[in-house]
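Residue numbering begins at 1 within each chain, and the chains themselves are lettered A, B, C and D in the order written.
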């Protein structure tokens, strides 16, 4: 509950995320082959490579806002496609959450994610059920907010986020795309899991793993 | 011997020639497919169509010079390719033989062909053994000149021309092209009969048929 | 020879360098991030006009950099939007205090990257706006209409407006008006050849694809045994009806090859288009026929009509000096 | 869509009509016999410059008709010389008493038809001469060298000379000197697509054809896995050695796509050519990069170098206003 997350933990989370994406590069590209232009794995892998370089740099800030902004710029330059500016905006706006400092508690982490989500929605103009990464991120953030309201532990809050993200990701299989390239396929997009919803799920999967472990230290 | 050939007979000859070429269109194109650009039959057929139209016109001259010049212009506009200007030049220059009038005797006919041949050679700069229509026309004209010198009959002179033309045409199978498109093939042109030498052979084949028959009337 | 283009990253960089070597008086190239900038410096306070686009549509956008048109162009990878990093580097290089106008074709990547760039520029106190180009009438849903030939026309109008002293607001307004006056459609005569896919399939002799995009987006396959006038019949009405264009209208006609269509065929198509316009009593006041918006080496054409008024015509006629357009 | 071009006779006629509709201020078209004439009348006594060529190489020759370049152009059927009937009709239309200069690429049909036309013109008392263009160094036997990019350059030089008052003799002399200062070579990146043959075969990814002609004449197939610099290595030396070009020479560089090569690849090629010229200390004083001499929609390029002197450079710089070149 009172656990504080610092830049060091955020860095650990994003390194885990980068590794997870790289493991799943082919899987993401396969998903994008079915309903997009077969590059989501390639795009994300390129961005994650740059992110790993950036995170291994010696010179590091202790300020979460500056850290997230630098992550955002790295993703913006590295990922490309639609996902680049979308993930970039998520972190850019997360960086502007006013309660960021040199550490955030669980409520502040949730608010940071909320800022990211709102920015992402403003940028991409997608709603839930448009079959995009929003279908993963929005339920995850809402689950965190709901769990926080009932004073749950870090582990419980992040497990709830992960589970909501997972359900959202799986839900994209059943729906028709209304945003992004997959929308050109209309009803033919049904039956396929959205690649961006999949890469976004790993954000919450790795957050649950890393922050919970940290909390247990 | 003393037989006179008028525009009427020349017209009959060229109609026979046109018909012979049209019968042989595919054959000529096949020959040009082997060592050229597969259009000699098409080119000649187009020109012969125009020639037939022209020769069936009511308004006709009795002057051999004007007649041949009009044949030349028809071939020039109708045949195209290399063969168009070459056959065109043959008739254009044949038209300038000074002994043309409203009729020609055998010696004057021979001189007319000689003028045509010389013009053709000046235009195309080909020698015998370059694998062109010259290999047909030059021996044919020389055979006429030789037969005339020994006072042979029309039938004999034209038979000699036809035979020399035939030998010349067949000889093109054995030699390497040094002029025209076939020359790009170098030694690979050996073994194929030259299309232009073939179409030119029909000039002498039909001349022997038409003028001899006329003479026998 | 596909292999020459098979490493898009380095091929595009080298190609940009080659382009600069071929037009040293007009453009210069920056690398990493890549963008092309005009050599003639702009007067202070001029609105800067920038356009980004995936590569493979040349001369759009790099061939339109120069006096009277773009201040800078940002080429992305083949058929992929340039990144905000490129766009922002161009902004830093060409902003002269008058603000920045982006011309953006309506594709998700391009719009997202441009909007993000504008957010970043605003954070630095640089005023930036964008004009969305969405002239493709083959898409029923107007919000999803893709950008075609109007992108080239919008770059010219925006560039001329900026050069002649329009403020950012005024330049945005007239450029939006120009785009709103445009309607386009694409016809494919073979299937796209992407470097990674190898040579494209060939349509049947008597078939075309109606309403293709410039990234190989498929159209509707139609048999057109009656030739060009039949094709023009299929695209003419959707274009004319959409604005709608009316008898008496003056238009600018842009017919662009997609890169693999010989001029002979392009003029054959032009003839049929002219006949269709005459039949509808629409007057062609200005025209451009050639390769102005391409799709690598694919066969096909796009046709764009822009309804002219005096202001648009004056801006069109204003001097321009770029690798691809100059008068 | 091959079918649109499958009836060459009528397709070419319609395409010419389309061309005239697209450039009404610059050219007008005559039919049966077909030729294209400039709209700006020449002063009396000016040498008339005419070029004929098979169709399929556009913009050559029809796109070069206009002030400062050709008085008339005669397009033949696809890849086939125009007839003396066409050439003579053009002579009658554009001769202004200063005589006629024909620019002819060195192919048998073109030369035969032009020589015959000259014979017919002389019979009518019209002074006519021709300049043979034979810049293709890929043919060892100089007499058989084909005409490539120098044909476009010769039309510009002859047209500028005629416009600025050269006599027929003087115009012939300087145009011959221009051609003699040119060397060229073609590179094919796929196989030619003739309307009658359907789509051409595609070379292996790493292969080019060296020394191709512009009518689908084959070249030597070479594997070039190392990319553009390797290609330029293969054509650079034959071109430079043949004239020879030497360190310190000033040149005009013409890089022409054959119609199916995207600008991206053309500039990639240009980069390697520029590097080769710098390495040989040859200075590019003027250049043209684009589709100036094509071969229907085939992939590939030709490169032409012309050694400049002051007279040639001045004639090159002289104003020109045609559909394809204007400055």
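We adopt the following convention: a residue touches a chain if its C-beta (ideal position, glycine included) is under 8 Å from a C-beta of that chain, and two chains touch if they have at least 3 such contacts.
Remember, it's a predicted structure, so these values are computed and weren't measured experimentally.
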### Summary
Separation of chain A from chain C in touching-chain steps, minimised, is 1
### Task
Using mean Cα positions as chain centres, tell me which chain lies farthest from chain B.
A
### Query
Between chain B and chain D, what is the separation of their C-alpha centroids in Å?
34
### Message
Need the CA-centroid distance for the pair chain A / chain B, whole Å please.
### Response
85
### Query
Between chain C and chain D, what is the separation of their C-alpha centroids in Å?
29
### Query
Taking each chain's centre as its mean C-alpha position, how far apart are chain A and chain D in Å?
58
### Query
Does the chain-touch network form a line, ring, star, complete graph or other?
line
### Query
Name the touching chain pairs, would you?
A-C, B-D, C-D
#### Entry: chain C residues within the chain A interface of the complex
33, 76-77, 80-81, 83-85, 108-109, 112-113, 115-116, 119, 144, 217
#### Entry: Contact footprint of chain C on chain A as seen in their complex
39, 73, 76-77, 80-82, 84-86, 88-89, 92, 123-124, 179-181, 183-184
#### Entry: Parts of chain D lying in touch with chain C, wherever the complex brings them together
1-6, 11-12, 14-19, 21-22, 55-56, 58-59, 63, 189-190, 198-199, 202-203, 205-208, 225, 227-228, 255, 259-272, 274, 287, 289, 291, 294, 296-297, 299, 326-327
